[in-house]
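Each chain carries a letter (A, B, C, D, E and F) given by its place in the written order, and its residues are counted from 1.
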Amino acid sequence: MAKKLVTFGEVMMRLSPPGYLKFSQANSFELVYGGGEANVAISCAYLGMKAAHMTRFPDNALGKAATQFLRKNWLSSDQIIYGDNKLGIYFLEKGAVHRPSVVVYEREGSAFSKIQPEMIDWEDVLKDADWFHWTGITPAVSEGAALSCLEAIKTANKMGIMVSGDINSRKNMWKYGQTMQEVMPKLVAHCDIVITSPRGINEMFGLGEVGGKLKDSAQELMKAYPRIKKVVGKKRKSVSASEQEIQGRIWTGTQYIKTETLNISHVIDRVGTGDAFAAGLIYGLLHYDNDIQALDFATAACALKHTVMGDVNMVSLENIISLMEGNTSGALKR
Amino acid sequence: MAKKLVTFGEVMMRLSPPGYLKFSQANSFELVYGGGEANVAISCAYLGMKAAHMTRFPDNALGKAATQFLRKNWLSSDQIIYGDNKLGIYFLEKGAVHRPSVVVYEREGSAFSKIQPEMIDWEDVLKDADWFHWTGITPAVSEGAALSCLEAIKTANKMGIMVSGDINSRKNMWKYGQTMQEVMPKLVAHCDIVITSPRGINEMFGLGEVGGKLKDSAQELMKAYPRIKKVVGKKRKSVSASEQEIQGRIWTGTQYIKTETLNISHVIDRVGTGDAFAAGLIYGLLHYDNDIQALDFATAACALKHTVMGDVNMVSLENIISLMEGNTSGALKR
Amino acid sequence: MAKKLVTFGEVMMRLSPPGYLKFSQANSFELVYGGGEANVAISCAYLGMKAAHMTRFPDNALGKAATQFLRKNWLSSDQIIYGDNKLGIYFLEKGAVHRPSVVVYEREGSAFSKIQPEMIDWEDVLKDADWFHWTGITPAVSEGAALSCLEAIKTANKMGIMVSGDINSRKNMWKYGQTMQEVMPKLVAHCDIVITSPRGINEMFGLGEVGGKLKDSAQELMKAYPRIKKVVGKKRKSVSASEQEIQGRIWTGTQYIKTETLNISHVIDRVGTGDAFAAGLIYGLLHYDNDIQALDFATAACALKHTVMGDVNMVSLENIISLMEGNTSGALKR
Amino acid sequence: MAKKLVTFGEVMMRLSPPGYLKFSQANSFELVYGGGEANVAISCAYLGMKAAHMTRFPDNALGKAATQFLRKNWLSSDQIIYGDNKLGIYFLEKGAVHRPSVVVYEREGSAFSKIQPEMIDWEDVLKDADWFHWTGITPAVSEGAALSCLEAIKTANKMGIMVSGDINSRKNMWKYGQTMQEVMPKLVAHCDIVITSPRGINEMFGLGEVGGKLKDSAQELMKAYPRIKKVVGKKRKSVSASEQEIQGRIWTGTQYIKTETLNISHVIDRVGTGDAFAAGLIYGLLHYDNDIQALDFATAACALKHTVMGDVNMVSLENIISLMEGNTSGALKR
Amino acid sequence: MAKKLVTFGEVMMRLSPPGYLKFSQANSFELVYGGGEANVAISCAYLGMKAAHMTRFPDNALGKAATQFLRKNWLSSDQIIYGDNKLGIYFLEKGAVHRPSVVVYEREGSAFSKIQPEMIDWEDVLKDADWFHWTGITPAVSEGAALSCLEAIKTANKMGIMVSGDINSRKNMWKYGQTMQEVMPKLVAHCDIVITSPRGINEMFGLGEVGGKLKDSAQELMKAYPRIKKVVGKKRKSVSASEQEIQGRIWTGTQYIKTETLNISHVIDRVGTGDAFAAGLIYGLLHYDNDIQALDFATAACALKHTVMGDVNMVSLENIISLMEGNTSGALKR
Amino acid sequence: MAKKLVTFGEVMMRLSPPGYLKFSQANSFELVYGGGEANVAISCAYLGMKAAHMTRFPDNALGKAATQFLRKNWLSSDQIIYGDNKLGIYFLEKGAVHRPSVVVYEREGSAFSKIQPEMIDWEDVLKDADWFHWTGITPAVSEGAALSCLEAIKTANKMGIMVSGDINSRKNMWKYGQTMQEVMPKLVAHCDIVITSPRGINEMFGLGEVGGKLKDSAQELMKAYPRIKKVVGKKRKSVSASEQEIQGRIWTGTQYIKTETLNISHVIDRVGTGDAFAAGLIYGLLHYDNDIQALDFATAACALKHTVMGDVNMVSLENIISLMEGNTSGALKR
């Protein structure tokens, strides 16, 4: 029977000028929706898992349309709650070669940022779930979001549901009076799987000078928070905005494993590739019985996302397995 | 030499699904910009006047793009100020026949709403101006906007610049602690020309039961605020979302004049038609020496706006004069 | 608690040239999905009902995409079955004024046409349903479809679920060896509510010369099939491809009621307006306690569908109620 | 066997902003091709006739693309000649209701304007033709075009091919040193069928004050040029840019006949409707044995063109016959 | 005088999501037409040859539109026959980098598949032809298609027309009761030029283990079928869906020649590149007097097709010659 | 205070098929405007300089729209003059890999080509300017343009304004009776900065065989025209239409400096990259106090332009500085 994933976080409307136009050239915007955690849920749903995303949308036509995007992409929508009147928006100007992408956020005061723990019955939301996933963006949004996330994690712990956190956060998002360093450790302590980078760990936990290696930082982290079983990261080399290289790495507690490096020579859309990695990891750990295959799966999923427009990875299980097995030819089978 | 108009108010990004698609069907948005007062300035600029719009945009790529829209449409941009990081947005789903349009605003906390009187040197902004125009939306946005507007009006008075106000306001916009009834009279008292409806006057000034005729309400208003020289209105009949009828009317202090009724049988875009009326009135009063022609000009301008996509009236002087002279055939001249 | 509707029938990919382009001018097609019965289910879902559509799609990327369309439009998708490799397609060239629309079907051999009764567990599909709806298209597709439909109706009867049939059919669709006259009566006999036209009844049942009035035909029909409680129709006048008039009518067994005539002066999309009527009728009969209001609701829903692109009525409950109460102005409320 | 029509004249690239956008709003242009005479040839080809258009295009990629447009629309292209490097262009801003369309020409110095009689072997071009058609635009373009047209007409006369001329011309096009009044009579004298308006006749031939009736002007014209057998016109009422009325009229030499008036309530594209009338007349006179049916056919064809995007009438024979027989319902037949 | 090519086979409507969108993201399809043999004819027509394609389309609006596509692209259309009501369709989701393209066919039961030899007068169709070309797709479609193809080849033999066959076929297309191995040899036996791969030859003719070299397989093939004069192939390396490498090779009966390898670093559209190779070969063999230049021409044509959207190679003779001469710079000449 | 640049030259409408479509595939054109000198002015304006472009447009709707493009892109428009009725147009078919772009001009007889020195008050136009820039295209257009350009340069000399010329010209543009060699030296003699290539210098001035090195040609040029202070060039390697390499080089009078080579691996739009280089040089010389930084800035600006759609470089100062400092990663900063 299909495994079930639940995620929690904000979903924003994403507006981008067509093709490679700059904001100053745009006369229309392409419209999709995205958010780190929902991206993970949808990726897993495309791979055949059951998936639900918990969020809060404004109680208006835009909130309905955002919900419809999640439904279309195979998520259930019964658990979503509505209130207030602002949907978070982000504007994306896609870069190329030496020209970086530009992102402008209009997310302050969104319906999601006003979420409060008492609005959610986590036991109900997590019913039948095998896995709960969150990211470091959510607790940065507002105190209500941070508290709700903590409650979700604790409820998952109680219900015996695996918890993974993609814990990197953006320092300049934290504006509600508490710092990343104050809040994050409380959440991370209850995680089974942590996705992060050495810099992320050190910044967040002030673990001191541990050399910038994932292996070392991970060991420190697992010493401090013994619930954590694996620490996973991916190394990205941005050759240019149009060409990227990706390599997965994991500290399993006993072993440090790296995958082959995958080169994505013609990037279509770089947004959400980290979420595709997380989704691949969750799928991989649930469906393969060894870490190296799970990591290969995650890395292949991440690489493939670079070729899909939007925030969300929509590639098929067959695509990922084929790449994971070394077939990089992209050849059409008729 | 061309007459110069200055206006003041918020400019929002307008996002609409293509054609008659509903929000739930949209995969892209058409992008224009609009705001009641800027719409008036641009209309007048297309007619050959000089025009500048005073506003405040966020200090980011979207604020720049909004400025470029104003520049493209013939306004000067040197006086615009920048700060904060939110551009007001509104979403428009265009209706048809019995299905009304739907508008969703995301304007709270915009850079404009945080404007303060001390940010603006009105004597500099109004230099060389012949006319200043404002609307009842601006004082509803925030206390800072209301105070800035009042200062603009008073400065215009001092500099001998004509002041017109399109004073209708939306009751449910007033959220910063003062009511329409408290704030508006202070601004209206300093106007030379008022554009409004009988309901608008009565609602705002509590002038009692005066029968719902513009003439009567206008007389009361001018008694209370003797600076006001003319009160102007337009009567709209919404046959359906696709068909509208427009008639102009003016109380000149001594005379009550109505225009012919113009039927717009195939509406292209109904937004901004009131602003087109105001712009037509300003142009008309500046360029014709009698009120009836000015009013005919305003009504023709308003009718023609219904055929132009976006918030802004871009028709030519020739178009308006031709319709004003009774040519409703829309026939192409080669 | 929300009432639940279940429908059954083929869903086709609909491809149309943009705007009013003819097939010979098309370089792209706009893509939506539609099918008489699914259209009804979706309309009801937009009004807040629970709704599920039973169908069979090809087991390939197109079948998945069609399912996603249903999910996006609020239907559940768990009950849908997959097999074979052809999705029914229809091409629509939209007409205007005196130029009629053109429809070209490529639906023969579709996955749906190969459906067989044993593929469906109707008791499971109809669980929790309050209403089952089918149309005269389904039994015309194939013998398997006709038998499946009959089984659905009988199961609904057994489970105490209301059954409505929009029984008009297209004579030239019946190609599998049985005629409309042979098959349809078996299905109609088990219906509670029948939607049809006098011509439809007479053609199908050979009831003789009964004058072309719905009232008379309906009485004959109800005499022959006593389970039928109401016979409902709408009268359409096609002023031109761009202007239509609609009037609802019902024979309640004791009373013959007609609604006001609604004129749709600017048609956006005429396809699926009959399905919108059926959906409105189902919603109306479930939520109003008198036939006249239910019929007014159905007629208003039908009229509004003419303003929505695609096969499906997506207007809101508020829109329908407002029109049903006589507000034809299409005026935007801010 | 299918009858064959040959036409002669310039074909221009037509560039228009999408939908109802004004030039100042355009970020792209829709691209079609058109020219009065080619429009007639293509219309007849869509009705099943054989048709060829003689013209001269620049010897570059644009000339090739223009040829491909003619080929796609069923014309043969072997006779077309190439030289020089400029393709005539016209820009069309589509009007609505009271706002007229705007046309801007960039056709001076085009490859066609440099055509010379010696470039064309008319006996070869007219081989197998049953009908030759020209318009008053061609002789206005250049002396070479006028001389080539005259030679075509005389060759047709010699070969026993019917000649029709749509002789209205635009006075301000005549810039090469000869006037309309000097050139046109030489061409008209050799025509069998003349399409024009009373004003057109009087302006061109200075026939004096003949009261503005087609019948009277036609009689004068046929007296002066006895080869002319019929004079045909259509009366247009431009209710607005969005609504037009059309009525056909013919002076058969002995009889003055008018058709019913057709109202086109929702105009899609008004350009080329006169050419559709001419094409309908040619088809009608070749395929019906009485003038009234030919004229009804022409008028119905003209009305239907108003619903087709582009310069060219692409409606089917069935569409025209149905409208000609009084079916104005635009109803879809499935 | 221009050489004339005739081809025979099915032409399908091709529908693809815009850009790199996946089927699940598509709200519109871009529309072109294509088919292996017609692609070859059109390529040659763009190079200045005369070309006709023989096929059968449904007798409806879509069959007409498909014909218009062929006409636009310089093919004659008089010989095309019409009947039945289904046009073959294929859906193409374009891949990128490691993500392969996806193709879904809906071609079963098409008008072309119902073609029968007695429907075609091959002597008439092949009149004036210098070359006849077919592919291994056609005999796979249906027995009627296979028999018609055989008759075409034999008629060409009789009339002294060169015959080339691109004989690779797709095993899983053969569903009408005969196998590739039964049917193909009868057709190949009458060919002058065969385009294939070693694997293609071995699979089709069961020539045993001949080592996988074109040279060896070709010699076996020419021994078995002495009419064959040259066997030609191209070697493709799919670096990724976005980057391809192409090398031409020929066994001339006495010599084995390979071209330089061309790298296509940014693929625009990979479909139809094999057909572009075949077209280049036909053109090359007809216009160059040595095999190496013909092969270089074919390989350059193939490489350039990767940069053209659609199934069809539309590059100019100049483009191919320039690349064939080693100019890979793609530099614009003004 | 911001430095001010004035430029002079023709601005053309640029029409291109979407994406990589060929002219034969286009059904619409994307519309921007461009011209070598205006491109330079706009680039500098995006970097924060004040900039004005002097040109002449037709006195019609297209001339207005072209002006609006300049205004939108931050140029002032008061100085622009209007007359005649033709706007220069160029059509651009974008190439890829081995397929070169194709450009077709329709610029003969444009309003700009009819410009005459007496139409312009250069002292007024150049008021407050710090720099005047022209290119070798302008004197090639017409004698009037050449004389106007000369007058501009001399006026700038008189007013103490720096003058730069991008002096490469296209030999086949010179059609008005004077040759490049006759006209250009008169203009170049008055320049302070010359942008060119060795081939450009030699071709234009017949400086003999100087070996093809910029350094040598530059020295000869500066000997002949002692006002010239620096000669600047860029070396381009066209790997393919999709990949370019750029290196800047300058002869400062005493020193020959080359920059690093920048590789643009995925070209978005190659047009206007030379103008971006010139703009970068002007900005660099005005804002850096050493030639090497100015040249690095110019080269980075040029490279970045390859990633921007249209003729005009719209990248930010930050983008250029980042690339100039060696950051080629194109990584997004959030």
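Heads up, the rule we're going with is that a contact is a pair of C-beta atoms (placed from the backbone, for glycine too) under 8 Å apart; a residue touches a chain by one contact, two chains touch by 3 or more.
The model shown is predicted, which means the values in this text are computed figures rather than measured ones.
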Selected from A-B, D-F or A-F, interface repeating E-F by over half of its contact pairs: A-F
Higher-contact pair (C-beta pairs counted), D-F versus A-C: D-F
Separation of chain C from chain D, taking each centre as the mean of its C-alpha atoms, in whole Å: 45
Between chain C and chain F, centroid-to-centroid distance (C-alpha), Å: 62
Mean-CA-position distance for chain E and chain D (Å): 42
Residues of chain A touching at least two other chains: 19, 24, 27, 68, 73, 102, 266
In the complex, chain D residues that touch chain C: 19, 73, 262, 264-266, 268, 300, 303-304, 306-310, 314-315, 319, 322-323, 327-334
Residues of chain C defined as touching chain E within the complex: 15, 18, 23-24, 26-31, 60-62, 64-65, 68, 85-87, 89, 91, 93, 102, 104, 106, 108-109
Residues on chain C engaged by chain D in the complex (per definition of touch): 19-22, 24-25, 95-103, 170, 238-243, 266, 270
Residues of chain E touching chain D in the complex: 68-69, 71-74
